[in-house]
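Both complexes shown next keep chain A, but they swap its partner, so chain B is in the first and chain C is in the second.
Up next, the complex of A and B:
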């Protein structure tokens, strides 16, 4: 057929015959991630100078040949073509180290490894959010959320479940484009939800209650829960459900979203592990209370994403129609977003480590380095409200909020304490990272960086030996770790822009919105 | 599977018959004819099917495996890619791609059990190595659409619910994998051709239904003719002829 011609010719022009090019066509520049099945590198294609990402598929120690995770990912990426889904450009092989007696390669050119070649993306969402002093504006968050939902909607329409939506798998380039990546856990599904699928998917913090309760029949709603977690994280400034194991994860979910029962989730009592995890005490849904400082439309959308019953949870398509995306301030044009120096979770982690080292040296020299680690919640308008400006004037407003143990309101104690704190991760991989049960101890991550070790937050300074540093201590609930809000609520009602009637504190008792 | 055939790589990879009926130069040098080439592919489709019955995988996996094998030989010679290794490896890969993984050692076990012939003897490492070569030969396109899904939908739409019709058309679809049709025609047209043959054979008049479909009936009839021709010539195929084809392959050029 005529349609086959262009693709084939293109391929034939680039390589002598059918088959893959060698990885030698690329020059590796820097490692940018560590993945399920190998490292990820930034590389330059020698012929064109184009910058790409190379994701290595390790083939040694594979008793069953080409890893099925890689097969899934390739199969799925080959059929998804969308501006919000990472593009798999080609697959290249590298000649292995094996040589025969004459010193020539032994002919099995696959021992050395297979690389998936992706378009290069400068950041992942987690890496970007964790940059010291980083603050997203509301239009920026809307812009990222809309792209995330658009990409996910496309996947769901094409009957693909991503099954590992999290910040480090959302890649962002310097044009402000966001793309879904790491389809290593993704799967095709049929609409009837009749197939039995594994419930050991999705990084713990982003895993929906139905999977934690052991269901094996599920659909796109699992991804939407993860989206809800990310959305809340963007608005809140840090992960909202940082559980360290499955029971704790469920408990954190129930604390915020209430306990499931046959009323709010018909059929829940038939899910395999429901009885094991059924809370002993009544737990009310407190989402609106805890996040009352969020913008009204944001909270409304979040409510519908973090709905316990997957059948009532909002779909990607409906979420795109939500008021949130169609009220002022509108999502900005990706191209209008600021450009940042490249940051991947892998790299920011490394940088933070170096920074910590630096701090320690500084401490020894009795120097104080005020710094901003950790996340800062969004600013209302880009370019406005520097963190340090947020003390003082807002204070009365926030004092009027009822102190809730788990709310962000407990940051009063440290008006100008350096924001931030520990950052999300233990300083090194040795401090007991969480082993994802399904990924052989490795999580996904952009092109494939490690999972979040949930312990990272609990002891604020992990094993870095920084316990005495003047950066605020840990507390509990949603405010784990040091204050991420230097002062006041994230939408500090400094009044500019949309006016205080739309925002923050003075709306915080109005729960009467329709869902 | 993928939602839409028309946006799939399978659709973009459909070939013209002239592109499929090519004996690779290396094989030609050994005196292999197009007929030999087709015979071996058919024989290997049967081999895959037999193996699949033993390792117990779905028909869908068999269909995908046969499609892979046929795609490989539009680009690679049998001299370099021994069909007796390619066939089980395609099954191994298809089982992964269709989410019903089969262990390589289980395949090796059944290969030994089914064939005492030395020429069929391959070990796990041979399969794993060939898997990579096949992935390359397929250019990593692993998604295949099959007529089965359209078949059920179409039969339902035509209001056909007697088992003999359903079974016959299903069996016909299975047999189309003994030919290269899946590389050439969209799956739903293959399904229609099988329904058409079944309706003629069972003397069921569904012309009215066919006329309402917005498909080119000439194409459907051509596919049907190809299938019937195949059945016609299939009767003449003997083990003898297959052995001759394989013995040509064994020649040193």
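Up next, the complex of A and C:
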């Protein structure tokens, strides 16, 4: 018997009811990630054979109860349905083995855990970009950027702020589709901008200046700053603002984008921490100068994304209308993109560790050319995985084509369509009648051109456990006085939290053993 | 545990956070009037059944105590408000949740044996949704007079019963406020519920936005 229904109850006939099925309907295949609130597994639904991702909700903090990030993510994903937003298929439970005092099953069907079931995605952007030898072509970057903006625009018109846009939260499947994921920090917003929101969101390197300055009234522009950071990172080949703490983060931003003042950002002096952080010396905007080698339209768009004043920053909708997406080379069709062997940041890290261990063993055995590690997928051979090939950070990269799928797709043997041999996805092929002069990855705005040659991809910083002395020609990128970068990546090994960054951290791991 | 049906909360176990008596938000008065009426009616229905509660559905089983707690609904709501200092909107949203739950599970009845647990759980979930600064389950358990473990179980049960439908748009929020006020009019009192935001800025898809306040912490604070 209901109370009354003044509001509409529209979602009464969803089916099946979430939580009605057990995780036993799925067979776990392997762990593919470690999220802020639990492990992520690749799994196969037994009945249909469909591959899914299972995200286990960590319930080990009794005092906190059901994690708030999980409730928020579920709540928001229930409402969002878009091809560029990850689809939450259902929630399943596991009763676990516990019995009550009398030895009966205690009837708590949630004891063994609660899992969110997502559609499976092969990669995340960080993992993909971080593959040895990976080069994104210009049409490919445009294609990813357009999908990112389309998904984000959808969120924003539905009044949802993502608040954690970064490479490892952008999932990519082997059809070339990009989807926004990890809505654990997301929330709804109202247009009046009078609500006080927490400024402790967004991974540091992608966090906009207004949040760093302590504002609590903000909107979709915060996500657009993160998009700008990712865009620049795709073009530049590494993170552009790798700050180690908030003050350094702001400083890096000011060094590239200039210092904020009442002229370029009306109202900035009223933001809570402005006076604590305002630069002591004049700093002018150097973005165009630093990235002068970028394609003109790319630079134009980047300028409008990395605008200090959030009210002047470009919206997702306007960004989609930017010249950049409508001039040659056009964004490619996602389906025309090469297929890559599965790569998640979690896996890439693990593989690197294995590789490193293997190489150390090999060194100890004084082998000049260590054999490929048995567990390293063959695809790595096409990149620069061989340590000996990279004698130093200044050695030019190979001019290798972007790796296309080699060999079998997934070891778990699910047919994922044609394996996509080189013939089917020619790296320099054209498709759909588009003219793709730069297809193949060496083109104009991609990495590897301009004054930031490949050594830029080698980390200028030592990694943890190493000497920590800057290598790589002392470059910290575009010459923001090389910071005293802390050893290793800014994130703990927990994998959680803010530092899970595109490219940067991993590369430290990747090359850290050299020298 | 509440197996005995007694709330263990009492003044000697109250959380340290003793505050000056705040003015009780009107929403609490309204809500307790409405819910007390409902519970009284449902209790009569159950009493009238030959087999009592066994004829009802099992959806709310987890929330049933053996005996009804002695604390009145009004006092219980005031207690929740006083010690958790959640925003008053949480009570409206908690009410929305309970109403949704009953719609989804038409065989369930709010009665004096389950109403307290439903209330503490619904306010807890609402506060998690609305307030960035909220007390944890352990705290709510102490205020609500249930064990931490039981409250956790109730929370999960509640979320699944709701099918995780915990989004409340500001339009729905406003509708429920109007409904609650109308109930009071029937009782002969005109009382307005405190709204978090001016209603002209309300918007269909917008969640109510009282919440999400933050502490002006030092900028070096780690993001969590």
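Here is the rule we use: the second predicted complex is superposed on the first by the 335 of 515 C-alpha atoms of A that agree within 3 Å, B and C clash if a C-alpha of one lies under 4 Å from a C-alpha of the other, contacts with A are read in each partner's own complex, and residues count from 1 in each chain.
Operating definition for what follows: a contact is a pair of C-beta atoms (placed from the backbone, for glycine too) under 8 Å apart; a residue touches a chain by one contact, two chains touch by 3 or more.
These figures come from a predicted structure and were not determined experimentally.
Look at A:267: by the touch rule set out above, it reaches neither chain B nor chain C. In the superposed model, A:338 lies in contact with neither chain B nor chain C. When the shared chain is aligned, chain B and chain C each come close enough to touch A:158. In the superposition on chain A, contact is made by A:65 with both chain B and chain C. Contacts of A:245 after superposition on the shared chain: chain C is touched, whereas chain B is not.
Annotation for chain A, partner touching more residues between chain B and chain C: C. Judged by the touch definition given at the top, the superposed model places A:204 against chain C, while chain B stays out of reach. In the superposition on chain A, A:212 makes contact with chain C only, not with chain B. Judged by the touch definition given at the top, the superposed model places A:75 against both chain B and chain C. Comparing the two complexes, residues 1, 3-4, 7, 11, 18-19, 62-66, 68, 71, 74-75, 78-79, 91, 93, 108, 110, 114, 158-159, 187-188 of chain A contact chain B in one case and chain C in the other.
The touching residues of chain A, counted against chain B in their complex, run 1, 3-4, 7, 11, 18-20, 62-66, 68, 71, 74-75, 78-79, 81, 91, 93, 108, 110, 114, 157-159, 187-188. For chain A in complex with chain C, the touching residues are 1-9, 11-12, 14, 17-19, 59, 62-66, 68, 71-72, 74-76, 78-79, 91, 93, 108, 110, 114, 158-159, 187-192, 194-204, 212, 214, 216, 245-247, 272-273, 276-277, 497-498. Of all residues in chain B, those touching chain A in their complex are 1-4, 7-9, 11-16, 75-76, 92-93, 96-97, 99, 101, 103-104, 127-129, 131-132, 135-137, 139-143. The part of chain C that touches chain A in the complex is made up of residues 34, 38, 42, 45, 95-96, 98-100, 102-104, 106, 108-110, 124-125, 128-129, 132, 136-138, 148-149, 151-153, 155-156, 159-160, 163-167, 170-172, 175-176, 178-179, 197, 201, 203, 205-207, 209-214, 216-217, 219-224.
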